[in-house]
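The following blocks contain the structures, represented as structure tokens.
Note that chain A is present in both complexes that follow, paired respectively with chain B and with chain C.
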Partner chain A sequence: MNFENISKKQLFKESQIMKIHYITGICALFVVAIHILMRVIMPYNMSLEYENVVMNYHNIFYAILLEIILVLIAIHGFNGLRIILIELRQNTAWEKSMTILTIIGMISIIAYGTRTIIIGNGLEI
Partner chain B sequence: MVVNDIGENRVNREGLKGWLNPTRYGWERVSYWFQRLTGIFLLVYFIGHVYETSSLTNGIDAWNAMLELTQTTGGHIFLILVIGASTFHSANGIRLIFVQSGKGLGKPGRPDYPYDPVSLNKTQRSGIWIALILSAVAMLYGANVLFE
Partner chain C sequence: MGWKFNMSGKDNSGDHSGNDNNEEKIHKKELNGPKKTKSVESKSKFTDKTITLKIFRINQNNEKSNSHFDEYKVSSKRWTTVLDTLLDVKSYQDHSISLRYSCRMASCGSCGMKINGVPRLACYTKISDLISEDDPDPTITCEPLANFPYIKDLVTDFSQFFNHHRKIMPYIQNTKNDTIDSENLSEYVQSPEDLDKFLQFSYCIKCGLCYSSCPTVATDMNFPGPQALSQAYRYFIDTRDSANKTRFNIIDDRHGIWRCHFAGSCSHVCPKGVDPALGIQLLRSHLLGFNKNEKKIAKLREK
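Right after this comes the complex of A and B.
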């Protein structure tokens, strides 16, 4: 088996993907902390009321923060799943299929979450 | 079956069973387990969370119906588990970043009987304990906020 050819076909080397995994993990830690803080700056139940949540989405900075959280966690989470899945079996076909499956999952969840953020931003109270 | 350059069979014979076997590797294996299990659990929660918040787009009634489903005692207990899992995953993840960059592993030495791995030193073990203690504290704080 020629490993040189496999690495040439990949967009990123595994070592680069691991760096992306660590960076997205650490960045997600900070942005999720802000997201949680928004739930506890007022009584928790009150923070979940429809008007308060829509107001959050109307705040452009918070909407951008939500989008960043969505992208970071989707990349980190689905890449983590890919790492777990390719640990279970080692062959090129399996690795390729798992990579494609997780990329589809990642893009789908980002698209669906972005749709909520965009519609939420335009909602009237 | 995949065979590498020197003719070795590279099939992972044990698969999931080998992944879940806690008997051979001690605390490092427990942390490996928790890191993956909490990771999968958090990914499932993340997908569910994106889905539940999308009810916002269907108006106030759909949002309140979703809250009725999730803001229950069971829902709060589930959220406390999410808090614990995310705290452990983050703290242990930071430890793993240090491990992969070679920090806190100690110096390599001659393998002497009883062949205890140098890498499983006090620093690593205390790292795992710190992650567990932090997640317990975070769960207590979360319970306090959710059930106040």
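Right after this comes the complex of A and C.
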């Protein structure tokens, strides 16, 4: 196997991907902490009642926070999944297909989640 | 490397029997010696024992032979190493056992094998360290190193391991200093502090124990392994070398340095006290752009 050839074929270097992976992981930790803390400003089960959840979605700042969480977790999670999958088999076709599949999965989740946040916020698409 | 394949089945009794008298003398001297530490006293209680040596047998050239374990009874003294017992069995009980060895003093790295499930050098592992005094039937199991293809019995194929080692270009490359033209010959200047940064990694004997214990290598054979990666760090941090970019391109790959799970088993099994896991982490931090000012890290782990 020629390591140099493979490196040249990749859009990003693995170190750049891992930088994104670590940064999204650390950032997600903070924003998810804020999200959880928002659950304890009132009794936990009350914060999950329908009216309160809808109210959260209608707050533009909270909607932005949810969108940030969605993007960070999707990037971090799907890259983690890609890493696990490319370790299972070592051939270029498998690696390429797994990379493409995880990118498609990531975009789909972000798109569907964004749609939900936008609808929840009351905006019309 | 000075590696030696002992697959001929020749009798080594000439070498072996000559040592018995000397061994007895040394044993008496040690027992009667006036100064003893606590650990030496406890070890001196180890009496001569007959142990059961279980050896993994396989022959890749013979399709009919199935892998199995053969058992041999061998007597051992306090200072007997696993390699001594294996050679004893080969000389007096079964000439067909294949093993690789050379220096018998943990310098060549040839006799690496899994002893009681842990990758160790056979010449550096004493029987007395593996068995307890109370065990009525002590058994020691010798298997070939994991993550290496088998050849015969305890001999494994190191081709892939050395290919990974070769790929990271483990030699000084310097375009600035002229080492060919004798008139312009320049000196590689290096301070003791700079030397300390890579010194421990230069003690690697390429025995393959770290590679054998690595869980990532077990699943991903394209992963260079702890040995190659720690050597990449050894040359990266060497101030005389200027090929960092080339080496980074080689290891910064899908199956490169980022696939290390940091289990740390490589550092745990290294017989020379090298810490490959540390080298990998430092190299990673350099790839991420941290750790520009490397501190000296020459402290070897105490075994």
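Observations on the model:
Just so we're on the same page, the second predicted complex is superposed on the first by the 117 of 125 C-alpha atoms of A that agree within 3 Å, B and C clash if a C-alpha of one lies under 4 Å from a C-alpha of the other, contacts with A are read in each partner's own complex, and residues count from 1 in each chain.
Quick note on the criterion: a contact is a pair of C-beta atoms (placed from the backbone, for glycine too) under 8 Å apart; a residue touches a chain by one contact, two chains touch by 3 or more.
It should be emphasised that the depicted structure is a prediction, and the values quoted were computed from it without experimental measurement.
Note on chain A: of its two partners chain C and chain B, the one contacting more of its residues is B. By the touch criterion stated above, A:95 is placed in contact with chain C alone, chain B being left untouched. By the touch criterion defined above, A:45 lies against chain B but remains apart from chain C after alignment on the C-alpha atoms of chain A.
Applying the stated contact rule after C-alpha superposition, one finds that A:53 touches chain B and leaves chain C untouched.
Using the contact criterion defined above for the overlaid structures, shared-chain residue A:13 touches chain C, although it does not reach chain B.
Note: residues 1, 3, 18, 22, 87-88, 90 of chain A belong to the chain B contact set and to the chain C contact set alike, using the contact criterion stated above.
Interface of chain B with chain A (complex): residues 2-5, 10-12, 15-16, 19, 36, 39-40, 42-43, 46-47, 50-51, 53-54, 56-57, 60, 63-64, 67, 71, 86, 90, 93-94, 97, 100, 145-146, 148. Touching chain A in their complex are the following residues of chain C: 167, 216, 219-222, 248-256, 258-259, 287-288. By the touch rule above, chain A contacts chain C in their complex via residues 1, 3-4, 6-7, 10, 13-15, 18-19, 22, 83, 86-88, 90, 95. Residues of chain A touching chain B in their complex: 1, 3, 18, 22, 25-26, 29, 32, 40, 43-45, 48, 50, 53-54, 57, 70, 73-74, 77-78, 80-81, 84, 87-92, 109, 112-113, 115-116, 119-120, 123.
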